[in-house]
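Structures follow.
First chain A sits with chain B, and in the next complex the same chain sits with chain C.
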Partner chain A sequence: MKGARLGYRLVQVGFVAVLLLVWYWVGRDELVSPILLPPLPACWDEFLALLASGSYWPDLDVTLYELVVAFLIAASFGCAIGYVVSRSRFSIRVFDPLFAGLYSIPAILLFPLYVLFFGLGAGSKIAIGATIAFFPVVLNTIAGFDYVDRAYVTAARSMGASELQMFWSVMMPAAFPIVLAGLRVGFILAFLSILGSETIASLAGLGHRIVSYAESMDPAKMFAYIFFAILIAFLLNGGVSLIEARVKRGPG
Partner chain B sequence: MKLGPGTARVGVIILLLILWELGARLFGDPLFMSPPSDVVVSLVGLIGNGPVMRALQTTLYELVTAFLMAIVVGVPLGLVLGLQRFARGSFYPIVVMLYAIPQATILPLMILAFGIGPESKIAFGFTHSVFPIVIAVVAGVQDVKPTLLTCARSMGASRFQTFMNVILPHMIPSLFTGMRVAMTGDLLGVLLAELYVSQAGVGHYTRLFTESFQPAKLFALVAALAAIAVVLNELCRRAERRMSRWRA
Partner chain C sequence: MSRGDAAISVAGVSQAFGPEGDPRRVVALESASLEVARGELMCLIGPSGCGKSTLLNVIGGLMTPTSGEVAIDGERMHGPLPKKVAFVFQESALFPWRTVLDNVKLGMAFQGVARAEREPRAMEALGAVGLADFAHHYPAQLSGGMKQRAQLARALGLKTDILLMDEPFAALDEQTRMVLGEDLSVLLARTGKTIVFVTHSLGEAVFLADRVAVFTARPGRIKTMITVEEGHPRSRSFMTSDKLARLRNELYELLHDEIRKTMGDTRP
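Moving on to the complex of A and B:
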């Protein structure tokens, strides 16, 4: 088994190496227009220069600000509305399919409307991020609180738990992991949609920077920013998973 | 009379529409906001509008082409990755990692490579929808119970027979789940690319209506696209439910 795993790693490393070699070779001999695929060393230099100079800060700052605000809006509305809906079986059956149905409409369609309402700046990005993130949060909150084992509720009630005790000691811990999963999905979706909407129309942000370098025909810089945005995406992904694993262990 | 949840849901939707209508008529700036009654009127007008209808047709064409390409490429790739232990061990992690890359970052690259016509939208829709299909097919092939494989072998089935009669039918429900997820990605990819840059597609008209402050037409176009999305999603969901029924 160990030998096989080593084989996998070798193939993976080999694959990436071949990819980089082809890129290097294509770039050196200009087999593809350098606008489309700039030489590898140029991209790498730009990437290092970008990391060293810290010139990414203004754009990263804008994108993260949009993300945090959008996520907070989606999380508070999603959890609150989800909790209220989950209080009665009837309202679950009324609202759950409604939210699920709306969720299946690609929310990016609303972006032109949001630009009209909130302008080209951070407002429209926050609105689109919040809209997209709202649905997984609200659906998982409904599912989480609905899923709480009735036996726990009956047991707590028969032991004379107050409404508040019921919420904190029974409902919350039982629903928490599912709500948390919804928050994680919402966070990632918000990031992706903010990045996407910055690409479409914006004044600043990581997506905006990539597009502006593409339009000014500066492909090496564009690739550097693409690498950087992917790096940020992986860091956010990893961070969120880490927090989820940590918090899940906490109250349970 | 007892109120069913379905009726209540319709009631909620009607209530929201009435609130929107009143809000837009009383407080809304007609440059930015349109009441739903106006949107319905311009939706009817849209059907008579040749160029906009052609743009919608183009979008539908892009969506379907990208989706079919994703199936044609994704299914064989998923089968190879799922059935070949070595291929899976070495290349599946690469596929999963590529899927985790936020694709919005490479949208400008797609436009540079494929131009501003339908080709770039198809390419972007394809890269969004191929990964869910590959991953679903790999999962489906993996999911086959070892007992069934042993059983087939002990009854003397050839490799090809095992594949056709055991592995393939077992993969189908998973494939359709993947297709549903892929359709969501397809819609996101194509619409994102359309909104980013478009010559005569829906992206061109959303921009035109936004910049010329014709919110009723913009709302109508968005509603038409949402309807296309809902129909495509619903088709995938129906197909998924139908194809996975035999296993239940």
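Moving on to the complex of A and C:
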């Protein structure tokens, strides 16, 4: 078992290594114009310089601020509306397919409209992030509360649980894993859509910086910021997984 | 037996599902009447769909009957009576996000037991079913038999006079079921509770019950009542006795035709 897992890891690391190696050779032998694909060592040096200088702070600050606000909006509206919808079979029948349908529309198409409404700054990024993250949260909240095993509810009722006890001690913990999965997807989607929309029209943020270096023909710096964005995505993902593992393990 | 003596008194209870006139309307239970004396263990047995679990839910106040009434200690009931009646369900109704101990304590919290009292009472109940060492395990870490013992502990912790058990051992293998049946008999002889126990196992019914109510096929009616004259706790030797075998066969004779009916079998 352990040997097999090591095998998977080796192949995964090997895959990335080959990719980087190809990049390295292409850059060294100038097979592609360095304007389009700068040599790997140059990008790496810029990345290290970026980390050392701390000049990423203003942009990171903007992007994280947008992400946190967008996620909080999506999480509170998604959970609240999802719970209310899950209360009756009728509203589930009406709203669950409706939200699922809206979820399948690429909401990023609304972005130009959001820019008109909320401006070029953080407002339009928060709006698009919140819109996109809302759907997985609301859908999972509906599903989570809808699928609570009737056996738990019946057992609690037979023991005399009040409405409040039923909600806090039975419904919430029973629905929690599915709601949490929705929050996780919402968080990731909010991050992706905020980065993406920053590259379309913005005043600041990691996505904004990446585009501005691309437009000023400074691809090495652009790649340095892309590496940095990947690093942040990696850290955020790890953080979310850590929180998820912790709350799942503890008693609900 | 006058009505005042009975712990549970069921009078003409019918239960139908679906609106009247609907061709899909199912009459699960038809005019069931019975009385369970204080300290008595009554088993309900019958073919699948005969309404025995329905009757249990009606007795426990989880379902309002279409007609008829149920009285607990002579008082007509209108909903669950958590201070008087506790349930043990068929499938695991333990809350998987709580430890065994917290499950037992949560039941008491629902019932309204003072906080300080819960832990010692829960440990006592877990001790009674032999699960004290597993108090801090989660349900998923227990075997099927242990889960059902934990459920029994949760019900015992509520200290109700009446215990309603809905095929509690149905999902277990026969050996486990027999051992749990023995334990149950010992435990219940000690607590003196009034118990209604739904089962589809003939041997289990005879081994545990003071009386066995035999149901007909749907719409379920109580066909006959069999008395098992044997003191509690019942030992392993009763399990293998001729007396048990004879009663078991008698029960099988009574049920045989009813079971054929549920299979749509009309051979003479």
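Everything below uses one rule, namely that the second predicted complex is superposed on the first by the 227 of 252 C-alpha atoms of A that agree within 3 Å, B and C clash if a C-alpha of one lies under 4 Å from a C-alpha of the other, contacts with A are read in each partner's own complex, and residues count from 1 in each chain.
What we mean here is this: a residue touches a chain if its C-beta (ideal position, glycine included) is under 8 Å from a C-beta of that chain, and two chains touch if they have at least 3 such contacts.
Note that this is a predicted model, so its numbers are computed, not measured.
Clash-free side-by-side placement of chain B and chain C is the outcome of superposition onto chain A. Once the two complexes are overlaid on the shared chain, A:222 sits against chain B while remaining clear of chain C. Shared-chain residue A:168: touches no atom of chain B or chain C. In the superposition on chain A, the chain among chain B and chain C reaching more residues of chain A is B.
Of the two partner chains placed by superposition, only chain B is touched by A:211; chain C is not. Aligning the two complexes via chain A yields an angle of 90° at the C-alpha centre of chain A, spanning the centres of chain B and chain C, rounded to a multiple of 10. When the two complexes are overlaid on their common chain A, residue A:154 makes contact with chain C while staying clear of chain B. In the superposition on chain A, no contact is made by A:25 with either chain B or chain C.
When the two complexes are overlaid on their common chain A, residue A:104 makes contact with chain B while staying clear of chain C.
Distance between chain B and chain C in the overlay is 15 Å (nearest C-alpha pair, rounded to whole angstrom). Annotation: chain A has no residue touching chain B in one complex and chain C in the other. Every residue of chain B that touches chain A in the complex is listed here, in rising order: 5, 8-9, 12-13, 32, 85-86, 89-91, 93-94, 100-102, 104-109, 111-113, 184, 187-188, 191-192, 195-196, 206-207, 209-210, 213, 215, 218-219, 222, 225-226, 229-230, 233-234. Those residues of chain C lying in contact with chain A across their complex are 60, 62, 80, 82-83, 85-87, 89, 91-93, 95, 97-99, 102, 106-107, 109-112, 154, 158. Within the complex formed with chain C, the chain A residues making contact are 151-152, 154-162, 165, 169-170, 173-174, 176, 251-252.
For chain A in complex with chain B, the touching residues are 4-5, 7-8, 11-12, 15, 35-36, 90, 93-95, 97-98, 101, 104-106, 108-113, 115-117, 191-192, 195-196, 198-200, 206-207, 210-211, 214-215, 219, 222, 225-226, 229-230, 233-234, 237.
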